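The chains carry the letters A, B, C, D and E, assigned in the order they are written, with residues numbered from 1 in each.
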Amino acid sequence: MFPLRKHALEVQSLPERLPHHNGAAELPPPVISIMGYGPNGFDEQVLSDPTGIHVYLKKWPVTWINVDGSHDHQIVQKIGAIFDLHPLVIEDIGNALQRPKVEQYDNYLFIIARMMMPDSPPDTEQLSIFLGKNYVLTFQENPGGDCLEVARERIRRNLGPIRSGGTSYLAYALLDAVIDVYFPVLDVYGDKIEELETQVLERPSENHITQIHQTKREILALRRSIWPMQGTLHTLLLDSPAFTEESRIYLRDAYDHLMRVIELIEIYRELGSDLMDVYLSTVSNRTNEVMRVLTVISTIFIPLTFIAGVYGMNFNHSKSPLNMPELDWYWGYPFVMLLMFGIAGSLLWYFVRRGWLGTPE
Amino acid sequence: MFPLRKHALEVQSLPERLPHHNGAAELPPPVISIMGYGPNGFDEQVLSDPTGIHVYLKKWPVTWINVDGSHDHQIVQKIGAIFDLHPLVIEDIGNALQRPKVEQYDNYLFIIARMMMPDSPPDTEQLSIFLGKNYVLTFQENPGGDCLEVARERIRRNLGPIRSGGTSYLAYALLDAVIDVYFPVLDVYGDKIEELETQVLERPSENHITQIHQTKREILALRRSIWPMQGTLHTLLLDSPAFTEESRIYLRDAYDHLMRVIELIEIYRELGSDLMDVYLSTVSNRTNEVMRVLTVISTIFIPLTFIAGVYGMNFNHSKSPLNMPELDWYWGYPFVMLLMFGIAGSLLWYFVRRGWLGTPE
Amino acid sequence: MFPLRKHALEVQSLPERLPHHNGAAELPPPVISIMGYGPNGFDEQVLSDPTGIHVYLKKWPVTWINVDGSHDHQIVQKIGAIFDLHPLVIEDIGNALQRPKVEQYDNYLFIIARMMMPDSPPDTEQLSIFLGKNYVLTFQENPGGDCLEVARERIRRNLGPIRSGGTSYLAYALLDAVIDVYFPVLDVYGDKIEELETQVLERPSENHITQIHQTKREILALRRSIWPMQGTLHTLLLDSPAFTEESRIYLRDAYDHLMRVIELIEIYRELGSDLMDVYLSTVSNRTNEVMRVLTVISTIFIPLTFIAGVYGMNFNHSKSPLNMPELDWYWGYPFVMLLMFGIAGSLLWYFVRRGWLGTPE
Amino acid sequence: MFPLRKHALEVQSLPERLPHHNGAAELPPPVISIMGYGPNGFDEQVLSDPTGIHVYLKKWPVTWINVDGSHDHQIVQKIGAIFDLHPLVIEDIGNALQRPKVEQYDNYLFIIARMMMPDSPPDTEQLSIFLGKNYVLTFQENPGGDCLEVARERIRRNLGPIRSGGTSYLAYALLDAVIDVYFPVLDVYGDKIEELETQVLERPSENHITQIHQTKREILALRRSIWPMQGTLHTLLLDSPAFTEESRIYLRDAYDHLMRVIELIEIYRELGSDLMDVYLSTVSNRTNEVMRVLTVISTIFIPLTFIAGVYGMNFNHSKSPLNMPELDWYWGYPFVMLLMFGIAGSLLWYFVRRGWLGTPE
Amino acid sequence: MFPLRKHALEVQSLPERLPHHNGAAELPPPVISIMGYGPNGFDEQVLSDPTGIHVYLKKWPVTWINVDGSHDHQIVQKIGAIFDLHPLVIEDIGNALQRPKVEQYDNYLFIIARMMMPDSPPDTEQLSIFLGKNYVLTFQENPGGDCLEVARERIRRNLGPIRSGGTSYLAYALLDAVIDVYFPVLDVYGDKIEELETQVLERPSENHITQIHQTKREILALRRSIWPMQGTLHTLLLDSPAFTEESRIYLRDAYDHLMRVIELIEIYRELGSDLMDVYLSTVSNRTNEVMRVLTVISTIFIPLTFIAGVYGMNFNHSKSPLNMPELDWYWGYPFVMLLMFGIAGSLLWYFVRRGWLGTPE
C-alpha cells in the first residue's frame, strides 16, 4: 500500500558492492551520445561503442560524452579505462544510490547530483559528472526523460557563453538544468498541500491522514536527496580549481536557485506538519460541535421523560387524595404539558445563553 | 480561498530564465527618476529614456538612478549596457523572485533587498541596488508605493550627512528605509495575534483555526523574505570595501534594527504556535465543561426515570400483597417523590462535592 | 486584557528615528548626578546643568556622570557635545528600545544593557554606558528605582578595589549590579511556576491556561531582553582594550552570573511548556474520570428502565396467558425487582472488575 | 517486559574500572586467529597462545591478529605486553561499553567501532582496532557471528588492492565491513515501520503503542551507537598519518556509506514519531466516528420515548376533555405513530444533511 | 509538595555576594584533612588549624589538602591567604551555587566540579579544586558522604601511577572519581523510567503524571549540573599547561566517561518526554474503549425502551381497532418481545461487525 521502500527510501536496501545494477537484463541497452563543440561549431553523434570517443577529444576544445544507462557494467568499465577513472568511482557510477557529493581526483573532478524524474511520486536518478581538462563525461541511470536536453539546445543554438566557456561552464549548465527541474516538482507539492488544506478545512475525512502523512514522507525523501546538493555546490564554489572565475559567477547563480529550492522544501515540511495539526483541530472541533448539540438535545428530553414517567405511575388515587390528584383535574394535562415545555424552554434558553449550542454556521 | 501561491510562496512557480517579466503588458511603463547631488546642491528629474544619464554622472559627485518597473526588459538592457552590468545580474533584475544577497563585481557592488509593499496580506517587492564609484542604481518592480521617498527627502532637505556621505551612505540610507518599513507590518501582526488571543480565550470558534493557520503561514513567508537580509547586511559589514568607515557605522545601526525585526518575527512565530495550543486547550476545556454538566444532568434523571418506570409497571396488586402495595398507600406518592428527590439531591451533592459540576464562571 | 504591546513586546511599535522620547512632557525633569573619586576620596553632587562636569573630569581620576532621564533630548545633546558622542549614539540613547550591544568608538566604548524594573509584569529599562579614559557616563530612562545604588555604596564605603580600579572596574560594577537584579525577578517566576504547578495538579481551572500562557510570554520577553547581554559581555571579555586585565577577571565573574541567569530562563521556559502539557493531561484525566463514572451510572440504569418499561406495557393478559402472566403472579414483583438488582449488580461487578470505575482517590 | 537496560542502554550499569569482564566464567575461551599476508601470498592460523605472534610479524608485510573474547583479561594483558599497549587502552578493550572513538598513541592508532550483532532486538558489540606499522590487531567481545569474514575472504582471494594496500587498507576494509552490516539491520526497521504503519491505518489497537514506543527506543539506542562513528571516521579522514593517501580515498567511500546509514536512522526516527501521531489521529478519528453514530441513534430515540411516555400518563380523560382526548380518537394511535416517525425522520434528515453521521466507508 | 526550589533549582535564590554560607551555624565545623605523598611513601593527617600545612608542602612532592566545609568563611580566608588565592575565587568557594568551570590564574588552576550526593532526589555539591605546582587544594561543602575516598585509597595502596603522577594526575583522579559517581545516579533514573513505563502501559493512573513530570524535572536539573562539566574538561584537555602529557591521556579517558553520562542523560530526557506521550495515548485509549462499550450498551437499550414505552401508552382500543390491537392479541407480547430481541441482536451484530465493541483483551 505504501511504497515506502521502493520510491522514497530506496537506499535502505543493502547496496551491493559489486558494480552490477539490479535487474540489468530488463533495462534497455545503454546509449552513448557524444557532442564536441568549440566557439566555431559543434558536432553531435550517437555511438554504440565507446572507442570512437578519442576522435572527438582531439578534434574539439570541449567534448561532452553522455552515457544513458549506468547499469551496463561493461560499458562503464570500458569508458572508465579510456578516462583512467578510479575503481571506487566506477563502483559509484554503477551503484545508483549515492548521495550528491564532489571529489577531486588527480586529473578530473567527480560530481554526483540527483535529477528529478517525472514519476509519481517523484523519484530521483543519479547523475555522475566527470569534469576533465577538455571533456565532460556524464552517466545517467536510464535513457529517456532527460533534463539535460536544455544544455544540448544551448550548445546547438550557441545561446549564452556556452561554446566559449570551456568544460566548467558546461558543468555549470548541467547542474543548472538539474536544479531547474526541482521547481515544477515542488510546484506539485505546493498544489497538493494547498488542495489538502482546503479539503481538510471544509470536510476532513480519515483518508486525509494518509494523504498528509504520505506527502510529508515524500517531502522528507525529497529533502534527503536535494539537501546534500547544497554542500556539493558550496564545495565547488569555495575551492575547486577546475572552475574558471567566470563559470564560478554562474555557479553562484545556480547555488542561489538551489537555496530557494531548499527553502521551499523547508516551508513545505513545516506546512505539512501544520496541516496535521489543522486536521486534528478541525476534526476535534467538528466532533465537539456535534456531540455538544446531540447531548443538549438528550439533556432537554431526559427530565421531560422523567415527568411523563411520574404521571405514568399507577398510584391509586382512589386510596389517597395525595396520590397524584392532578390526574383527575380538569386542567391537569395542559398544566403538566406547560410544565414540561417550561422546563424544556428554560433549559434551552440556559444552554443558548451559555453558548453551548454553538454558533450557527 | 487561501492565496498560498500568489502571495506567500510565490517562488514556487518555476522561474523563467529569460529575463521577461510575467504579464508585462498590463503593467504601467517604467519610470526612470534621476537625482544628482553633492554637498552644494542637488538636481532631480524624471527621464523617459536612459540616454540622458551620462550628463548627471559627469556633473554630480553622486548620482542616484532609480528605475520603477524592472519588468521592462528593454530599459533594463539599455541601462545594463550603460553601466556594463553582467548578463546574470540583468537576469536577476528581471526575475523578481530573488533572495536578498550581495555580490561583488569588478566595478560595482550588487545588492538585492526585499521591500514591504502596503498590500494585505503583506507582500514583498524586489529592490536591486548597484553601488558604483559615483552612482547608485536601483531597480524596483512597480512604480508607486515607494518606501525610498524618505531617502529622497533626506537629500532634498540635506538632512544628516547624506549629501557629503558618498554613494555608500546613500546605499545605507536606502537599506535603512527598507528595514524601517518592516516595523509597521510587524505591528499589524502583533495586533492581529493579540486580537486573536483575546477572541480565542473568550469565545473560540472554528474559523479561528483558519485565521491562526493563515497568520502563521504569512509570518513564515515574511521570515523567509527577511531572514536572508541579515546575511546580506552581515556580509556588507564584514568585508565590503565599497563602504566607507563612516557609512559602516551607520550600516551597523541598520543591522541592529534588522536584528530587532528578526527577533520580533521569531517571537510572533512562537506566539502563533502557542496560540494554536491555547485555542485547542480552550476549546477542549469548554467542551469538557459542557459535556460534564450535561452528563451530570442526565445521570441525575436516569435513576429517577427508572423509579417512575417501576411504579408504572402494571403488576396486579389485587393478586398479591407483594405487588407494589405502595401504590395503594395513603402516603405512597409523597413517599416515592421524596425518595426521588432524595436520590437526586444525594447525587447532586456528591457531584458538587467532587467538583464535577465545574466552578461557576 | 493582555498588555502584549505595552510591557512585553514594546519594540513592535515603530521606533521613531528622531531622538525624542514619547510623551516626554509627562515625565519628571532629568537628574544629573555626578561622582568623582580616586583612591584617596570621593565627591558626590547632583547638577541641574551639565556644564559643571568639566570641573570633575579634571579633579578626579575617575568621574561617573549618571543622567536619569534619557528622554530629555536637550540634556542628552548637551552632554553628547561635551563628550563628543557620535550622532547615532545620541539617537540610541534617546530611543529606549535598543538591544544590549557593545560598540567601540574612537575615544569611548559604548555599552547598552537592560536593567530590570520593579514593575509587575517585569519590564526592562535601557542603561547606556560610555566608558572613556577617565570617565564613565551612564544614561537611564527614568529617575528612581535605581539598581546602581549598590555601585554608589561601594564607592562611598570604599568596598573592594573599586576606588583604585579605574573606569573599567566601575563599568564592571555597574554591569554586575544590573545582572544581580535579574535573580530576584527570576525568583518570582520560579515561585509563580511552582504555585501554578501545585494548583494545576490539584484543581485545574480554565484561567490557568491564561496564566500559563501569560507566564510563558513574559519569560519569552525576558529572554529576549537578557539573551543579547551574553553576546555583549562575551565581546567585552574577548577583545576590549578598555578593560584592564584585573577588571576582566571580575567581568568574567559577572559573565558567569549571567550564564546562570540564562540557564534559569531556559529551564523556566521548558517548565512552562511542560506545565501546559501537565495542565492538559490533568484536565483530560479528570474529565475522563468523571465521564466514565457518569456513563457507568447511566449504563446500569438504562437496562433497568427498559425492564420497567416492559412491565408498563398494557398487554391485555385477560386475552392471552402469554401476555405477561408475571403481572398476576404472587411473587411477580419481587421476582422482577430481584432480576433488576441482579442485572445492576452484574454490570457493576463487571465494570469494577475491568477497572472502569477508576481507582478510589 | 521491556529489556531497556539489557539491550538498548547497557551503558547505564556502572562500568567497573578493573579490566575484568562480567561473568567471564560462562563465556567460551578466547580464540586468537592470525593472518599474515603480502602481495605474494598469505598464511592463516588459529593460535591458542599469543607467543607465536612474533613469527608472523617478522615474516609477512602485514599481520592481522584477531582476538575473539576481549573478556579474558589474561590474554588481553599478554598481547598488550607484546604490542606495548597503554594501560588505559587495555582497560578500554575489556570494558565493552566504549563509544566509538579514535586515539593516536606513539606507535599505534587505536580505533573503537561498534559492530551490529544478529540479535533481536539488534545489539552492538565493541570492536577494538590497533593499527601499527606492520600489524593490525583487533579484539572482539565474543567468538562467532563475525562480520569481518568479508575482509578475510578479500585477503584469501586477493580481491582488490588489499594485499598490497598495507595496514591502513586493512583497517579500512574492517571498518567498511562493520558499516556494511548496518544496512540490513536498518532494513529490518524499515520493514517494521512500514508494517506498523499499514496496521495502524487499518485497525489500530493498544499494543501498537508499545510496538511504536519500542521501535523508537531501539532506533534511539542504535543511533547512539552509530552516531559517534561519524566523528571517528571524520577524524581518521582529516588528520591521521597512519592512513596512506590511497587508503584515504577508500575510507572516504566508507564515510559516505556511514552518512547514508545516519541519514536513514534520522528518517526512521522521524517516521517513528510521525507514526505515533498517525496512530493517535486514527484512533481518535475512529472513536469520534463511533461515538457520533451512537449518539445520533440515542438522540433520535430519546424524543420518541418522551412522546410515548406522555401518552403513558394516567390522566383521567373522563374528568376533563382536555386530558389527552387523542387516546380515545379513532385515528389517535396512527396519528401519534406518524408524529413519532416524522420527528425521527426530520432529525435523521437534519443529521445527515449536516454530515453528522459520517461518510460511508 | 514539589521541592522545586530546594533541590533541583537551588540557584534561583539570589546569590549573596558576601562569602558567608547560609545557616552556617547549624553545620558541623569544617575538617581539614591533609595528605602528602611521593613515589616512596605518604603521610595522612587531620588538622584543626590550617597553619600546619606548610610542613607538608615542604616535605612531600605532592600535598593534597581537602577542606570539608566551605561554609566556614574564616577557614577559607586563612587557607586563601596561605595559597594566595584571588578574592573572587574565595567568594566562589563560599557561594556553593557555581557552575562547573575552569579558570587559569597566575600560580594555580581553579576548577569547579559538581559531585553527586547520595540524597533523594539526587542533589549536587560543589567541589572546588586548586591545582598548584606541588599541591592540590580541594573544598567540599559538607563533611561526610565523600566520593573522593576512592582517590585516597589509590594513594594509600599505591594503585596505578598516582604516587608518581604529580599534581595533575591527582586532579584527574579526583575528577574521575566525581564522574564515576554519576553512573549509579543515572542507573536510578533508568530503573525509575523503566518501572514507570511498565506501570503506565499496564494501569495508568493520575499520579503517574506527577511522577513523570517530577522525573523529567529532576533529569533537567541533573543535566544542568553536569552539562557544563563537559566544557570544563574540554578546556582542560585543549589548553591547560598544568596537565602533563601523561595525565592528559587519563583525562581524555575521564572525558569519554563524561560523554557517556551526558548521552545517557539526553536519552533519559527523550524517554521521559516519550513516556508522557505513551501515558496520554494509553489513557485516551482506555477511556475510548470504555466509553465505546458503554455507549454501545446504551444505544442498544434506548430503542427497546422506546418500544416498551409505545406499548405503555394508554390508547383506548375499545374506541378504535387501530389503537394498538396487538395488546389484545394472543401472541402480542411474545411478538413484541421477539421484535425487541431482534432489534437488539441486529444492532449488536452490526456493532460487532464494525468493530465498535473493541477487540477482547
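We take it that a contact is a pair of C-beta atoms (placed from the backbone, for glycine too) under 8 Å apart; a residue touches a chain by one contact, two chains touch by 3 or more.
These numbers were taken from a predicted model, which means no experiment stands behind them.
Where chain B touches chain C, under half of the residue numbers in use are shared by the two copies, so each contributes mostly different positions. When the CA atoms of chain A are superposed on chain E, the rotation angle comes to 145 degrees (nearest 5). Centre-to-centre separation between chain D and chain E, using Cα means, comes to 25 Å.
Averaged C-alpha coordinates put the centre of chain B at 41 Å from the centre of chain E.
The multi-chain contact residues of chain A, meaning those touching 2 or more other chains, are 284, 291, 295, 298, 302, 305, 309, 312-314, 324. In the cyclic arrangement of chains, the order starting from chain B and heading towards chain C is B, C, E, D, A. Chain A contributes residues 1-2, 4-5, 9, 11-15, 17, 86-88, 91-92, 97-99, 101, 103, 203, 205-206, 209-210, 213, 216-217, 220-221, 224, 276, 279-280, 283-284, 287, 290-291, 294-295, 297-298, 301-302, 304-305, 308-309, 311-314, 324, 326-334, 336-337 to its touches with chain D in the complex. Of all residues in chain A, those touching chain B in their complex are 160, 180, 183-184, 186-187, 190-191, 193-194, 197-198, 201, 249-250, 252-253, 256-257, 259-260, 263-264, 267, 270-271, 274, 277-278, 281-282, 284-285, 288-289, 291-292, 295-296, 298-299, 302-303, 305-306, 309-310, 312-316, 319-320, 322-324, 354-356, 359.
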